[in-house]
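Comments concern the structure below.
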Amino acid sequence: MKELVTVKYLKKYFSTPKGMLHAVDDVSFGIERGKTLGVVGESGCGKSTLGRVLLNLLEPTSGEVWFEGENVAAAKGKRLWELHQDMQMIFQDPYSSLNPRMSISETIAEPLQIYSVYESVRELDERVDELMDIVGLARRLYNVYPHELDGGRRQRVGIARALALNPKFIVCDEPVSALDVSIQAQIINLMQDLQEQNHLTYLFITHDLSVVRHIADDVLVMYLGQIVEQCAVEDLFLNQYHPYTKALLSAIALPRVGEQKKRIALKGEIASPINPAPGCRFAPRCMYSVEQCTVKQPQLREVAPGHFVACDFAEEIS
Amino acid sequence: MNNATPLLHVKNLHVRYTTDEGTVHAVNGVDLVMKKGETLGLVGETGAGKTTTALSILRLIPDPPGEITSGEILFDGHDLVPYSAMKMRKVRGNHISMIFQDPMTALNPVLTIGDQISEVIRLHDRLSRSEAYGKATRMLELVGIPADRMGEYPHQFSGGMKQRVVIAIALVCNPLLLIADEPTTALDVTIQAQVLELMQNLRTELGTSMMLITHDLGVVAKICDTVAIMYAGEIVEYGTLQEVYNNTRHPYTKGLFGSIPKIDVRERRLKPIPGLMPDPTHLPQGCSFHPRCPFCTDQCRHKKPENVLLYGDHFAKCYYAEDGLQ
Amino acid sequence: MHRYVLRRVVMMIPVLLGVSLVIFTMMYFTPGDPARLILGDTASEAEVEALREEMGLNDTFIVQYSRYLKKAIAHGDLGTSYVTGRPVITEIVARFPTTMLLAMLSVIVSVLIGIPTGIISATKQYSIFDNMAMIFALLGVSMPNFWQGLILIIVFSLHLGWLPASGFYGPSYWILPALTIGTGTAATITRMTRSSMLEVIRQDYIRTARAKGQSEIVVILKHALKNALIPIITVIGLQFGRGLGGAILTESIFSIPGLGKLMVDSIKARNYPVVQGGVLFIAVMFSFINLLVDILYAYADPRIKSQYRRRS
Amino acid sequence: AAKDTDTFVVAIRAEPSTLDPHNSTALANFAVQRVVYDNLVEQNADGAIQPALAERWEVMDDLTVRFYLRDGVFFTNGEKLTAEDVRYSLERATKQRGSASMFSAFDGEKTAVVDERTIDIKMKYPFAPIYNYLASSRGNIICKKAIEEMGADKYARNPVGTGPFILEKWISGDSLVLKANKSYWGQKPAYETLIYRVITEHANRSIELETGGVQAIFDVSDNDIPRLEKNPKIKVVQGPGYKFSYITMNMSIPPYDNIKVREALTISLNMPAIVKAVYQGGAKLADSLMAPSVFGYSKVGPYAYDPERAKTLLAEAGYENGLKVTIMTNEDRNFINVAEIAQNMWKKIGVETDIQIMEQATLLSMAAEGKVTMSITSSTPTSGDPDHALMPWPSTYKSFLRIDNPKIDEFLTKGKSTYDTSERKKVYAEALAYMWTQFNMIPICFTDVVYATADNVENFECHPGNTPNLAKVTFTQK
Amino acid sequence: MNELRAHEALPESDRMVRRKKSQLRETWRRMLKNKASLVGLTIIVLFAFMAIFADHIAPYHYDEQKLEDAFLKPSRDHWLGTDNFGRDILSRIIYGARISLQIGLISVGIGVAVGGSLGAFAAYYGGYTDNAIMRFIDVLLAIPNIVLAISISAALGPGLVNAMIAVGIGTVPIYARVVRASVMTVKEQEFVEAARCIGAKTPRILLRHILPNAMAPIIVQATLGVATAILAAAGLSFIGLGIQPPTPEWGAMLSAGRQYIRDHWHIVTFPGLAIMLTIFALNLLGDGLRDALDPRLKR
């Protein structure tokens, strides 16, 4: 099957006063056209950085991002600018991702103006109206400013802006985390509808496993900049190999009486990604860790068809 | 202390904030009963008035702009609303304590952890400085932080650890009631689980009653005995966990459940509640949920429904609660 | 922390070089010939020229500046005053203690007035006290210093005869000038304290302290004030730094032999060595005060302290 | 500041920059130098020359005057005053930058010691102002040994003279404390300590006197005079001074090279009104080109106020459609005020005036470059000699005025070299009468010297050059 | 297709009535609610009015001297009395508003333009640019303001324009710092990244996204800065630099009149009051603006 996006050995390090921060550390994966790849992981594990590097909003330290036969990571200037027509992003924070000084319509129209998609103002207006319809924003909000809107509507504006150029691929960086459940559900539904209608491909970042389960086809579990487990979403919920994934799943509280899972307690908290120690990044918190784990870094390997895990003891543990 | 008197009985509480933009009717006639030793889950979306309710119980509503306009808050049979500031101080931290939503900001950045825990001890127990310090150290260890970190400052702690310190502060004087306002929302999933577990253990150990404020129905299912669902400043459904989860009667509660993606079954679409929470400065007439309610009738539009008593202590504020809304 | 201080001191060097270059350039391009000024209008062109040569004023900018730097760095020699013939250092050192004292006194006055007023205003926001305090604070900011000084002299020295009008010989002489500078600063500090306190008392940890059952006074003084202090320290530091070089008008109104007056007189007299030396000296003081402020920050705020520890 | 009669505190306007008489040009220095040093001869309040360190003197020839020194005069460091000290002082005066131009007529090299108490002072050319110059501050006699031991820089702040007071303490920027010289050769001061306090602001000086902080002040501000006069506890000491203020015009450039324009500008100013408005009784309308207290003064004016004629003159000069002038002055408040009123009066005859205020330093440099078209300035001939007073007039003066009139040069040379006083007076009377017709400057006023003292202060000399001998002050006991 | 509709099926107003309700207007509305800032605004408007229509409202010309009428106390003919040349003080204050406000505005303009662009560049480009610019700012900051102003005005020579430049340059460090801090916070916000994502290039990002959002603290600082600049110019006049006579700048009036303060109080009192009132008003306005522009105070 042809992948729309293929990522190879992608790395992004930040240099900080305290040392090199390995935000994304040697990550490879692919996303098929029309599918959704979910990315889960705890705060600070590099999810957003991954999304930004994919779009070359941040220049990767090394690695390749192939999109329709072109390496986005190497694209520069005008070419990159052109590529952005096809690759867009929806941001996590509906409050800070909209310019408070621009009205809703201005925000949505901005990409269309930048790429001079339409020649006449009328066409532009029509397209803005159309986009507002698509994401379910009433037209009376045309000249309203973001601070007058609630989170859900703001997120719709962000989605409309991302859709404006008819992109093929959208990085969704926790688009619903900041929203209340009932609003979250509205947005998730909207995004699913849009995907179906426009054959969109999503990279969907979240820390909520239930959301991944609902929306994604495949899933990546990240820990401190690295992929620890990768498989089809159904697989993950049936059978987890990596101890971190197991802990993550067991931590979910189900909204149902008397059906609580036995929780796997994790020691400590997520460590700092600055100058990480050799060996498995998860080892300090892992209940199964042995000496080997602190020395040798486990490679991602296929433990079952289409199911990749970065743990040398994956089989024994499960 | 009479065992029959509930630990906390909030009666018809009204709270409003007066702002430039208008009067915010944050709490509109909340009734709540908590028995001793019980854990109540107070669930609702942003702006429903959960925090306001909790702060009113401690009489910590910022005044101005906030103001308790009517109602009673009976704690162990005594109404807290008319208490003097002096008297109220004796209650706070001692009989009722509170954990706030964001551990990142709930601790004073310029005081050591040790100072902040012993402060509450010295306020309520007649202990010397060193005794208080010793007690604080034991409490810190109880929440799983080594004693040698007593002299450190909040910024040297991670979010999860800070939240544990906050829990330590709240529980160190053995309060009768612990109000936890979204204690884990700001934390990561795995840390969330750790902290919740810790709270639950300590609570059972110390026999503290707890009001857990959250918008996560999963968390409620895990640790609460009774549930109160809040919408636009009102408790719209109240009952035991069993009743509310398995015998949901209010359309809003149903909507909430419908909005949550299921982890075990894959549905094609979620069934969210349409529309938005009403503007608290301009609440709709009649049932405040009616604009979003699929079962809304004329009656709902004009007259506020009263509590409908269902099975046991299960109440719902809906004309059609008894019918089951099928 | 020590290493941090050391590093900061080293970091001052480029700034001081920059200061010397800027001020040297400015003086170089300022019209007016010191030699002509010394000799007066009746001196002949030849006499003036000879004096210029003697003073080294005929050299190019580069030569003059590098000579200045060389002397300053190698011998710590900032030159001699054209007017008095004394070493610049001596001139400055003679004036500095007065200026320092004045700056300190006015900061003390302003802190004593400003911080309590600010705290009460913040805790009683929108009360009558708050409104009055804010109006007074505004008036304090709005009143031109020199005007206020004159009025104080007329009222307190002339009409009431309570305090001396000029000189700087002892506590009774300090009061009026310290008040003149202090009230303006007090106004700034009041406003800063108020807004900083207002910001802090909205914080969660203040609510936490209240939820512990702590009394309001302790909440304000123990929990809020220390947090609110950080921006206030900045303002105090800035005012203090400004006091070192900027109380010129006040100094001349009260006939106080301070650095500011020396600076102005020297600029007017085209006494370049004194201007340069004085500005450098003030810049050094200013940098030290900044450093002091930063160290105070670290004491007020443990977050910053640990940052230093990490960096050094 | 003690109030007892042992201490006398006076407030002066500016801090002395140095007490080295040959490197000092500021008036502030002279006031202190007056009581620290003595001169060979001195000038009394009327301007007459009297013996001081020299008991007597005789003119040997056109270029030589022989002075006989007083015996038993000691410097405050214990050295005895000798003719060599005098020779050294005068020779140094011809070389140092603060005094060289004033002492340029003295021949330092040839001046010779005859014996320990006799000295022949030589001139380069016949030079009548010699006594006045010797009596001026630059003629102070310094101690050769002391200055050679200390070096000039140190000496400047630790002066050694033969005067009635000894400098004890100098607080930079604030005050100078002097103690009476117990072994003074002349009349010893009636009090022990003399303190000069520096108080720059006019208003503060009088406030300080009114509140008793000081017992005497120099340079009383004009507008303070009436109030102080009304105060029963204060005495105002006012008298004619040397200071002459005037508006300059740069004769080397048009339109000021045209006498008609100059005259028009002059007579279009209602100078009595200006003087009254600006100086408020602290100055007298200038009726000559040097102050009455200067030797050789004669009244030649004032000019009549005649704006109509001024217009005619301007028209004749080709400026019937108006004229634009620029007047540059330093920050002196009185000058600015004069300029503002003049601006207003000139407007009435069609002259537009641009006033530019700049610092003295800038102004002097621009003047030296000949860029100052008009200015307001003053001269204070501290020696009281007409040669000194008329310094801006000869063609060698290249600054504000730039007059190039051989006739004036001739007058001035003659005046300088005429030893006979009555002859000399005549020369200057003639010269002033001629110069007055040239409209080379617009005279404004002669500023009085105004001091004020506490009412118990007696014998406060009203010295026209602002350097009263404070050693003579006594106190009435109450 | 979407759940919001149910709620939003309100009468959809026609697009023809596109109301332009901007944040500016929102701010304005909040300003008007604040009585103090309204007072400030009124005073400023009044002074501005005086400045603009000085020719029409001043009872006399500012340079109309009547030497015989000097030092008149306030009376019916001269509401605020006359000065030492018999000029009408009220008229001079009215004309003076023109100069003083102009000085305040233009020197702040210079400070904001120079300091602001330095600060914006420093913040936007970061790294070495930032370091170099900020060290330069440190240098300026370490030189006492008044020394800077005096030497600049000495170097440039006298005159209104040069005084404004001198005062303006003295304020450059303040604006550089304020703008830098402000731009730093704004550029970290997600909408800037969003803008880059939809293809906006640097100039557009700076001008359309960053600067408008970084304006609030600058506006506030500038309002207060106008006050400081007026004071600074008055201070310059006080030591004899700055404005050329007979220009009726308030500070110069104060400085010229200060020798008469004891006998003719009105000569200094009224210009002093004018300065004070203006600065008072500007401060009220600045404080009000700060509140009105503070997003945290919203909702």
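Every chain is named by a letter (A, B, C, D and E) in the order it is written, and numbering of its residues begins at 1.
Quick note on the criterion: a residue touches a chain if its C-beta (ideal position, glycine included) is under 8 Å from a C-beta of that chain, and two chains touch if they have at least 3 such contacts.
Everything numeric in this text was worked out from a predicted model, so none of it was measured.
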Starting at chain A, how many touch steps does it take at minimum to reach chain D?
2
Please name the chain that ends up farthest from chain B once chain centres are defined by their CA atoms averaged.
D
So which chain is the furthest away from chain A, centre to centre on CA atoms?
D
Per the C-alpha centroid definition, the whole-Å distance linking chain B and chain E comes out as 49
When centres are defined as mean Cα positions, the distance from chain C to chain D in whole Å is 39
If you average the CA atoms of chain C and of chain E, how many Å lie between those two points?
23
Touching two or more other chains - residue numbers and ranges from chain A:
152, 186, 189
Shared-contact residues (touching 2 or more other chains) in chain B:
272-274, 276
Provide the list of chain E residues touching at least two other chains, using ranges where the numbers run on.
3-5, 8, 154, 157, 239, 258, 261-262, 299
Please name which positions on chain C make contact with chain D in the complex.
31-34, 36-45, 47-48, 51, 80, 83-86, 91, 94-95, 98, 150, 153-154, 157-158, 161, 164-168, 252-255, 257-258, 261-262, 268-270
Contact footprint of chain E on chain D as seen in their complex
202-203, 221, 223, 227, 273-274, 276-278, 330-331, 333, 336-337, 339-341, 343-344, 354-359, 362
Listed in rising order, the residues of chain D that touch chain C in the complex are 1, 17-18, 20, 23, 25, 97-98, 100-101, 152-153, 156-157, 171-174, 197-201, 203-204, 207-208, 210-211, 213, 359-368, 377, 391-392, 396-400
Chain A partner contacts - residues on chain E that touch it in the complex
1-5, 8, 10, 12-13, 15, 18-23, 26, 189-191, 193-201, 204, 208-209, 212-213, 295, 298-299
Under the stated contact criterion, what part of chain E meets chain D in this complex?
63, 65, 67, 70, 84-85, 154, 157-159, 239-241, 244-246, 256, 258-263
